[in-house]
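Both complexes below contain chain A, partnered by chain B and then by chain C.
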Partner chain A sequence: MSAPTVEAPRRALAWRPGPVALAGAVAVVLVIAGELVSPGFAGYGQLVNLMRVAAFLSVIAIGQTIVIIAGGGGVDLSVGKVATFAAIIGSRVMAGDDANIVPAVALALLVAAAIGLVNGLGVTLLRIPPFVMTLGMIGVVQGLILAYTGGQASGRAAPALTSLVNGRIVFDLPGLLFLWLLLGLLAVWLLRRTTFGWNLYAVGANRAAAELTGVRAGRTLILAYVLSATFAGLAGILLLGYTESVFLDLADQYMLPSVAAVVIGGTLLAGGIGGYAGTAVGAIVLTVLQGLLTTLDIGGAWRTIVNGVVLLVLLSLYGRQRRLRS
Partner chain B sequence: MSGTFSLRGVRLPAVQLSGAATVGMLVVAVIVNSALQPNFWSGYALTSNFATFVPLVAIAVGQTIVVLSGGIDLSLGAQVTLASVVAVRVVDGQLDRLPQAVAAALGVGLVCGALNGLVVALVRLQPIVATFATSFVFSGLALVVLPTPGGSVPLEVTTAYRAAVLGLPVALLAILGLALLWWALRRHRVLRHVYAVGGDPEAAYASLVPVARTRVSAYVLGGLFAALAALAVLANTGSGDPFVGNELTLASVAAVVIGGTSLAGGRGGAGGSMLGAIVLALVTNIVFFADVPTTYRQLVNGAVIILALALAGIPALQKRRPAA
Partner chain C sequence: MSALLEMTGVRKRYGGVQALDGASLTAVRGEVHALLGPNGSGKSTLDKTLAGTVVPDSGEIRIDGAEARIGGPRDAHALGIAAVYQQLSVVGDLTVTQNVVLGLEPARRLGFLDHRAARVRAATALERFAAAFSGRLPLDRPAASLGPGEQQIVEVAKALAREPRVLVLDEATASLHKEQVEVLFEVVRELRAAGVLVVFTSHRLDEVFALCDRATVLRNGRTVATVDLSSTTEDALVQLMVAAPAQTPVETPDAPQGASRHVEAPVSGRTAESGAVALVVRGLTTDRLRDVSFTVRAGEVLGLGGLQGQGQSELLLALFGAARITAGDALLDGKALPLTSPARAARAGVALVPGDRARQGMFASRPIQENLSLASMRRRARLKLALSAAAERRAARSMVERLSIKIGSLNDPVATLSGGNQQKVVIGKWLLDQPRVVLLDDPAKGVDVAAKEEIYAIVRGLAAEGAVVILNSSDNRELTELSDRVLVLFEGAVAEELTAASITENRLVSSALRLAPGETL
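Moving on, here comes the complex of A and B:
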């Protein structure tokens, strides 16, 4: 740390793009880079495909955004496992029959919400740090999955769900993208237009102050974790519709990328600041990056390395913390 | 925050209390385990138990130091993987290359830790996401070094690791060695700075503690302990595996919390984390020997771990209530 200096006046950096614009620009740059490296990357069908992959991460990241805005070290590491579990429940109850869609989705979301409730209670009542609580929950949900399936996932997505997710409705766009748009709007509405949303930002910015002004911080936090798990469950159901059959680690790999999408989208891990639009763009950036790395013919190991390095660069665009001043 | 000098006096009771919770859990775990596992106290069972404990114990010490500094290192498991595959490549089954292999592993830990420290302390990225990103780099490099499981460790090493000196298993001695290492570090200025930075970075900065340098040191120490964990993994398994460290990362965080170290930083110590790591390993043992049906094993395991995490937080809970 260098010697303390006077902070440059704000005028010196008169205009800086917001995190959402910046992340969007990165996404465009990545797409252009992809087109240059492998012509056809930016083709309509290919882009639609990328967006479709981004949708799952993006829906999981809705809940992650809510929990992170709630502050207090809020983070939900169990989202990947919860999504997997929801897909497994959905698949088994549906058993490939349209008539079972409603009970299947209801049961899956109910179980997900219950897991979120336990997370929320652990974080608020027992004051277990969110990172650890949701980390422990990964083990429990994995256990539930094994107990429920006996190690062998069964069932199948109902045809109606599959055609809802994969079917082309307008402009040759899969229904999944419209569902994502719908859920995204729901998330923005929740955060910006409801009492819960306002309370959430208040608690995230300063929990003590929020409590003093009459916000029930505990209740808001519990609801945040319930919503997080529920959105994760929804993502699991969508994923089920996409893949039609499930396997035991279907959505596990979304755990930390969902956090990364939130951070790249400009939401502060400290809580209280941010929004869903950024997260959605962050998820798109991460997915386009994955797509670009897959088209490059550099082998799995180097792809992983480049992924890490680019992630670091992306994070340093907006994920930086302020420096210490005395 | 009260004054820096009175802090030690104020914090001591809390640390002791959470230490008591961890020791209590360990005692219960040992009693239950020895009741369920008929030959728990036999030399063979003790040796093989301790042999599997060492990697998690070592990585838990490293995680503790990083957490104490106010950070978290989600790349420690990947570092264990990378250090172990590099070491196994260097040693290549020949005993006379052992020193170089150990040096290579420690070098890997040092460089990885320095990279993390650089990214967290100088670029000032959030530790959770920054070390998540570097973990990609490390695990990718591990795959470049050793694409498929293979390589061999000299037979002498694996034999010695499971031997006993004066009736004490070598692995137990390794754990005692780690404890001694922590004890020595704890007395060094760097660790005092780590506690200060983790407790209140602003105050530490104002008191002329080199905050950035201390953070880098914490990640470097974390990397070095990851390298030690890697050596233990190799001595235990006898060959290299480019995925070996994946599960250690999150377990190390759990061990730290069960050991009573606050994730907020500045409070706790590696002694508790080492016990926490052993508790975690014993829980797995207990669930195995308790005749829990295979499909329910993981569920019971997870539930017990959540219980342990909750119990570990109770002392802090009592302490925080009046203040909140």
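Moving on, here comes the complex of A and C:
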């Protein structure tokens, strides 16, 4: 009987391109393809524009990343609606006046956080599957929006907010990109350098083990949904600054792309593995792809099909990655 | 009479553990044959090779003299073998009828289910057990609405509906009431009369004597002896199960790695009863624990013995706040110990190294760093939130060195480590939290010999530093080596307390086995 000795962790030494690198490569390839098909696609101004579009998706997807890492089928389908609602509240309270920015943003984020809290409580205490809970929440928030606006959004962004988002301060880059960078760093810090982040990964990787390690899993999950809604609210405020006035479905279309960005970024839908850098790259891939398809003047139906195919191709490339999970 | 069933040289290895090491079993038609042995002797694995849920690495199985290849449950079924396990496999949402005919649903033409035939078949199988259901067969009730004993009977009926030649009952009486056991035994005797071979495993020796004709005893995955029960005493049977070489009548397998040398070794190297009483447990009761009370001193190792599944793991979970407690409480250093949630227990100074490392102890896909930090990082975090990468790395490094965990990088997923090193990571995460009470559930199970010794050293070290250590082990030798005292559990209650010199493998096994079944729950 040979005693099994320590097997060296050899697999970890062999470098394979991770999902983040793969997605990054895809983004670069798409940009090059765009430039070849339509010269000027990769011009400075164009790229900055693409990045600006990517920023909104990317900020919404911060919360989505957190919720998906938490595992247990975690997903927040209500992010788009919550962002819309936050923008609507912000617009009405600001009413175009800089003096109202702080109460407007505070109220919008508070309402968003409250919606997230209800999501979190529903998922943990009532054990409603996240998919169902947050899908239902879309309807509830839609109702709240109608009740709040009476079907007609009002107010407008404060000038200071607009110049913060659109104004070009350094290198002729819009302020939005710096805000994105700031929020991105905050997200990475939350996930990598806080007890919350490490608890979150633990709960996502193995909830039973997390609880038997003294992690308050329920509390961690609730906080994940609160954060998701709050970041969605922030994205709504940024959108408000960009568009200056709101409409009733301002950010609704971000729902599925936010999930797609997370998945393209290599975060496992099963939870416990992933991070925000990947999500940011994923958002860029999706945005560049959209830009390319628009440039090629491909019809809406085909655009959707190509989108889906790219997603499938990327995910099948990641397939090998998953075997490590036991 | 020629043998109906002949198994020879059956071997099965799980990772580092040789579960079956050339086991054999020969039994004839119309016999109730007991399969006995201490924890980890391979009884269940042998049962499962017969039922096709485990495929052996090597070995020969003959049925009616013809070589049988059992590659899965379907093969077993085709050969006329049916098995019933302690773990229920009834489908709660299906009716009793649907459960009984599951997999052999009578079909009409075009593949439509013949409901009437299904009911008749289920009724036939269940009829013999009518007494166990207080007279009325619950054919149309969902199985989940039945009591655990009744569900177990449905399992047996399901096996009988297959009209087996060989029926395997693996701890099938564990959840039955006394009356239900009687009904089952009556049915088994009928089957015997009809020429069926019943292979019977139970931890209740009195049941074995009441029902079985012969018994085959396994130890360390090998067959030690087959005895005629009418001419054997309980004592002799127990002797066969604990490796007492002088009294073993049949060929003694060459003792592997001194497993039997230690049998009667006296208690050695323990600092018995040093500190003051630190942990007091009073009347702890849950679904599976009955009125458990004991005290442990600081610096003492309290072993939990008995057959597996008698409530040892449940007791450790209860002390860690991870079981629903219906009565009783615990005091640590005179203060009430919160038993309502693991998080609260952990903050009160309790640590649990759970029995199922992969499912309860570690985060396979996460880095070693996080696995080590998780239980104690709140102590090092600023404002309980902000972590310092350097401080976490220092803490993890210190534990890697202290426990000599063999790793590549702290950033590698813990799944890349060997079993022994994974277990050290699970223990290490708690040591960083400096616990007062350390609960260990079979910590050396499934790790290699070298790692086992290292884990023993860690356990001794913890006690030497004054921690309260409670150790459950399925390995009696481990208990004799490490414990200052051993509580032997039987069906959720403390059956006996062994101290100092009385902790021998022999005593542990006889204590675990020889008790009359307590009143069933």
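FYI, the second predicted complex is superposed on the first by the 303 of 326 C-alpha atoms of A that agree within 3 Å, B and C clash if a C-alpha of one lies under 4 Å from a C-alpha of the other, contacts with A are read in each partner's own complex, and residues count from 1 in each chain.
Convention: contacts are C-beta pairs under 8 Å (C-beta built on N, C-alpha and C of every residue); 3 or more make two chains touch, one makes a residue touch a chain.
Predicted model only: the values in this text are computed from it and were never measured.
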Touched partner set for A:A209, first chain B, second chain C, both or neither: second
Partner chain in contact with A:G122 - chain B first, chain C second, else both or neither: first
Touching partner for A:G272 - first (chain B), second (chain C), both, neither: second
Which of chain B and chain C A:Y201 touches, first, second, both or neither: second
More chain A residues in contact [chain B versus chain C]: B
Touched partner set for A:F131, first chain B, second chain C, both or neither: first
Contact residues of chain A, present in both the chain B and the chain C interface: 1, 324-326
Residues of chain A defined as touching chain B within the complex: 1, 73, 75, 122, 126-129, 131-133, 135-144, 146-147, 149-151, 256, 259-260, 263, 269, 300-309, 311-312, 315-316, 319-326
Complex contacts: residues of chain B adjacent to chain A: 72, 74, 119, 123-126, 128-130, 132-141, 143-144, 147, 201-202, 205-206, 210-213, 250, 253-254, 257, 263-264, 294-303, 305-306, 309-310, 313, 316-317, 320
Chain C - residues contacting chain A, complex: 15-16, 18, 256, 320, 322, 341-343, 345-347, 352, 354, 358-366, 370, 373-375, 377-378, 381, 384-387, 389, 406-409, 411-413, 415-421, 429, 448-450
Complex contacts: residues of chain A adjacent to chain C: 1, 3-9, 11-13, 193-196, 198-199, 201-202, 205-206, 208-216, 272-273, 324-326
